[in-house]
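One chain, subunit A, appears in both complexes that follow, with subunit B as partner in the first and subunit C in the second.
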Partner chain A sequence: MQHILRLFILLVGLFAGTGSYAADAAPKLTTPDDLGPQIEQPIEFPHFRHAGDAKDGGMQINCMYCHTYARRSMVAGIPPVQKCIGCHQSIESVRDKPRIQKLFEYWDAKKPIPWKKVHDLPDFVRFNHERHIQRFYFQQDRPYQEVCGYCHGNVKAMTVAQRQKPLTMGWCASCHQKDHPVSANSTETGHGPNDCFTCHK
Partner chain B sequence: MSVSNLLENWSKFRHTHPVDDKGHPDWEAYPSDIKWAMSIDLDACTGCNACSVACYAENNLPVVGKEKYSHGQAMHWMRIERYWDETAGVGEFSADQGARFLPMMCQQCEAAPCETVCPVGATNHTEDGLNSQIYNRCIGSRYCSANCPYKVRYFNWYNYPEQENAWPSPLNQQLNPDLTVRTKGVMEKCTFCKQRTYTARNNAKTEGRPVQDSDVQTACQEACPVGAITFGNLFNPESQVAKQWQSQQVELTKEVQDKDEKEGNRLRGYRILEELRPYPSVMYLERVRESAV
Partner chain C sequence: MTENDFNRRDFLKVLGWGGTAVALSGCGNTSIQDGQETVTSYVTLPSYVIPSISNYFNSTCAQCEAGCNIMGRVREGRVLKAEGNPNSPINRGRMCGLGLSGVQAHYNPDRVRQPLLKGEAIAWDKALGVIADKLNGVKGAEVAFLTGNMSGHVQALLGNYMDELGSKNHFSYEAISPAVLRAANKKAYGVSMPRYRIDKARVVVSFGADFLGAWVSPVHFSQQYAQFRKGNRPEGRGVLVQIEPKMTLTGANADRWIAVRPGSEGVLALGIINALGKAGLAIPADIAAASKAYTTERVSSETDVSAEQIEKLAALLKERTPSLVLAGSAAEGYAHGSQNAAAIALLNRVLGNVGKTVEASASVPFPQIAPTVGNRASLVSLNDGLAAGKYKVVFSYGVNPVFSAPAALKFKDNYAKADFKVAFAQYLDETAQAADLVLPLDSAMEDWATVVPEYMVTPEGAGSAAYAQMSFRQPLMDKLYPDTRGIGDILLALLKQRKADKYKEFDDFYAYLRSAVLKNKVALGGKATDDDDAFWDETLSKGFLPMKGIAGTVSAKASASDLKLPSAAADRDYPLRLIPSISASMRDGRNANEPWLQESPDPLTTIVWDSWVEINPKTAAKLGIVEGDIVEVTSRSGTIRTQAYLFPGIHPDAVSVPVGYGHEAMGRYAKGVGANVFAMLDAVFDKETGELALNETGVKISKTGQRVLIVKEEGPVGGSQAGKKKIAVQVAADKVDLSKEV
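Entry: the complex of A and B
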């Protein structure tokens, strides 16, 4: 009896082993659970409250209201404390919430909030926010939440942002190889640059 | 098979020139409307080295120091070559006319000898006419450097940022974030200030217009006190560099320029080692001196 049990355990282990090996052999470029690490921020910024849909209690603020540089620069930018205070000094209803009190502590101390990077690309990569926003938001007229979401995931449902996509070269290339329409009312298509020198610096 | 037989047949399989393999470059079918090119006026050049220094500052080039320099390990993407008239005899130079200077950097050849020999494809041709160098892909075989007729590729023999005192503090504060600090074991070379041409193309694209001369200057061009360096898009007939090439009757597509030698036609333009057919993108301008004839 014990022999049969042993054989059974061995076989189960063998199948489980080969099964997991097969899964490792062909990793998908994008998997739904390929998340980045949970990063603790100095203030737990509620993205869902600011950018979320109205039915979920969000304010539906455009991503580029705070991340202003995304449409005209390589980097999207983190808003200065001034931008937060600009609205929050006249929003009395949430003034005594612990997060807002923390915000005003930084403001009174005249110190920037030491946000940590969530979407951190290696230094040898040149990623240009402007080109992607220009192409998909301004030329193709797609909703900004969808456009930003291609790389950043569904940030409007998150509190502290977490990396949702692998942001690896293969992942970038998987989209750059596809043909996209050039503008909203055009049948003409084109794909992203596949030239090494454009993104590698 | 005897050795002589082998050598005789070898010529059949030897690749002599990229143009022979791929055919003559088809300039009508050029993949983009941009071809970066340069022209350098050697009659204006005073050999002051400002361009070289500007290149060091712009492109994060390590300063290797005297000893490594004497070993030929300097990392100057742009160097000033000096040529003296040799009159009296071998090894004796007359300084009557002084030295003649020649700023030498990557000539961004259209049929580049370096590109065809890279075993991993780390250097290849971009659509705007540059020889790219991808540091991540480079394995440091140095074939490209061996095959470069201009000897303008530089190899990182040391890990300068960490082990060598290449940027003593506070010089490390001025490192350019628009390009990497290269690590040990990769080849590097002049990129025609890729970070600047990239920005120029990006801004022009956003504004929906072609790139103009006013959009971009290379670091060496910006630093040159006598304005000897001109840089721009050769395919734009309005650009300064295209006008200079045209007025000197130098054509990118030709390895032998058929210049019209009329009386009073003082043409000065030439490209270095044109006869090797790399089709370089840099034209030099120099008056032929009596002493050189």
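Entry: the complex of A and C
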């Protein structure tokens, strides 16, 4: 029995060792509150400043002004640096802020900004932004912040975006099983598709 | 027991518990990996790019000589797939497997990435400097340039370069080319490549022309064939008869496949003419005289085709007009190949098909960009020159003669005699390996070019014999490797070495091409008032331009006066005839390093990733060979070892080995796969054109005692499929009772 114990301790030590190594190397996969980890971005992008409500000092810019592909493509898209510059070259008041200086450094060097992925689905999942935006925003006429917020949470209150929904299969399916009105001016309802093939193809 | 008392069972026990613990702690975990990957945004983005949405750019396929127009599907700056350009008169939106695998030629990991001087990577400036050095003091007559088929503005540049060098030694070589057919057509119809209208014919009799697989312009012919087979067209459903010693893809589609004794195709053609005469068709006197001796009985015994079948064929051809008779590579590969083709062409004249289903084609109005078509005779003359030490500097582009020249020519040894050999290559193939300097080429997905296909089609509606076409090849994506260059750019750089002033206005080949096309805007279908930029952009978005060609005429002047068809003589030492078969995907082996092609099963045998020898089961029974036996196929010029495959679709006197396999270099997917049939061909040539007689090699087969399981898609012979005992369902033939007609 003693040697089993000895071996067990050895192995536990080994697991703990590799575990702590892994913790150093990368953020943990889950957090206790089901939120994603806080992720450090090359530039701390203030979502609350751009998209936030006016009363909180935000500019209430539509999400799709920057994530312009969400309505017509699988991916929402990260805006090209050009888009940031398009506005910021004429906003003198914040030009000296460290974030903006960093932005212009990238632009002057013609280098892309290496943003970290905050919402990352496994490769075997095919999620299509276009379908969801077309359905909820354009057909059902819901507010864009609510529509984007179904999966992305209250981004308009964040500095750097953090994952707020688990994005697990069960979580996706729970939403697809709900009755949704088919359009803004009808009482008819429908489910989201529930076939494996819809996402796993 | 070891000292610290860990034994295997305990270890596993602990590991088991530990594993469970890890698994439990993973509950509710997903594999979402936030923050582990970067998602890098563009700096600037062209307005037409939407991430995840594909754009299509028109270009031209480079996988064979047919010059099909393709669309490249491009997503986020990378080409993912080639598809057919639906507006193209050649392929009308369709593609073949060979064309689809073009993306693999582009992404291939074995591409040459830097200029290599004797295997050492060097810079481009230095490489071009070495060429200038070596050309210093060398006379023009001592420089040779070997290419495959060429056309368009690259050819124009090459012509200029050869002029600058003062050399007339541009050799154009294709390992597999319809050169005999061209010569025979020229004699019989007055044009070397008439337009064949399979879609207009009511019956097609093809002597070994694999027009659905690997002959001339297969995707185009497949479209015509689809029309030909429609039951509801005014002419009724067409009937296809294929006559050849080894079944091709076209043969497998035919209503009647007739196994003819190898080499006796011409005799059969004359026999059919004779039978047609007997059946009451008016035959011109000279032809009647020439075919008089070819009685049904004699032809039957010489060709192995039953007398009844010959008469049936004649009756079918007499009843159903217009018909079309094709002479393909199987009939041409003999010392009397031209005679065979001429005899077959006579049939078209007798049946009155010339002008109906054999139409005139147009010639290209600009001779410097008109296609140069390759043949073997050209290689032989280069080879003789090399052997005699005539050439000091040899360039090669788009060909691999060290691999594909018949062994008996000893091309490799002769090639080594040249002082300095430059190969423009995408892969380190056998020829590039034997060269002193290798210059890495762009892939066809990165390069600019214009292509003028040899086989000009008749576009729907245009109906004009004067139609010729110039296709554009444009880059579908940025270069994968910074140090590769297009052939046009290299030729331009070489020209600048000699005539800097004349070419200084062109920074690169693109500038040359654009200016050359815009200078001839009107001849290329534009108006003189068109804006240059608009015309150019529209041209590229269309992918091809119609050119007003010079209309030709066909004449039914095929004559029987000098026909000499020898009877086959039996060869005691090498009793079997070797038929090197040309598969739709492997062709002459230049695409062997594309794994999709190696992996796509041969349509008839379903064998993958290897070569094989097809033997008729009767012959195999005589020799005691069963499927999977490793056999030695020996000719006077060489021996190969490969696996035996018993195949009823081959004449008992013949065996067949596919060409294109057995590379000793070229890359990881080509090297060492299969056996090279070129390495055992006798150097027998067609008596009229000097073309290599591909089918003229006699072989014998011996067992080695080894046996393998052949890797193939089909089930065991005679076995059931998917456990079902009976799968063949009798379906009534639609509208036509073929058993009575063919």
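Methods note: the second predicted complex is superposed on the first by the 169 of 201 C-alpha atoms of A that agree within 3 Å, B and C clash if a C-alpha of one lies under 4 Å from a C-alpha of the other, contacts with A are read in each partner's own complex, and residues count from 1 in each chain.
Simple rule for what comes next: a contact is a pair of C-beta atoms (placed from the backbone, for glycine too) under 8 Å apart; a residue touches a chain by one contact, two chains touch by 3 or more.
Every value quoted in this text rests on a predicted model; they were computed, and no experiment measured them.
When the two structures are aligned on the shared chain, A:V81 is found in touch with subunit C, with no touch to subunit B.
Looking at the shared chain after the overlay, A:P112 reaches subunit C, while subunit B stays out of its contact range.
Considering which of subunit B and subunit C touches more of subunit A, the answer is C. Legend: residue contacts after superposition of the two complexes on their common chain; A:Q134 is shown touching subunit B, with no touch to subunit C.
Once the two complexes are overlaid on the shared chain, A:K201 sits against subunit B while remaining clear of subunit C. By the touch criterion defined above, A:R163 lies against subunit C but remains apart from subunit B after alignment on the C-alpha atoms of chain A. Of the two partner chains placed around the shared chain by superposition, subunit C is the only one that A:L121 touches, whereas subunit B remains out of contact.
After overlaying the two complexes on the shared chain, residue contacts for A:V94 are found with neither subunit B nor subunit C. Common to the subunit B and subunit C contact sets on subunit A are residues 72. Contact residues of subunit B toward subunit A in the complex are 124, 126-127, 130, 132-137, 178-180, 191, 194-195, 198, 202, 205-206.
Across the complex, subunit C is touched by residues 3-4, 6-8, 11-12, 15, 26-27, 29-30, 36-37, 39-40, 69, 72-75, 77-82, 106-107, 110-122, 163, 166-169 of subunit A.
Against subunit A, in their complex, subunit C makes its touches with residues 4-6, 10-11, 13-15, 17-18, 22, 28-45, 50-53. Those residues of subunit A lying in contact with subunit B across their complex are 72, 123-124, 126, 128, 130-131, 134, 195-198, 200-201.
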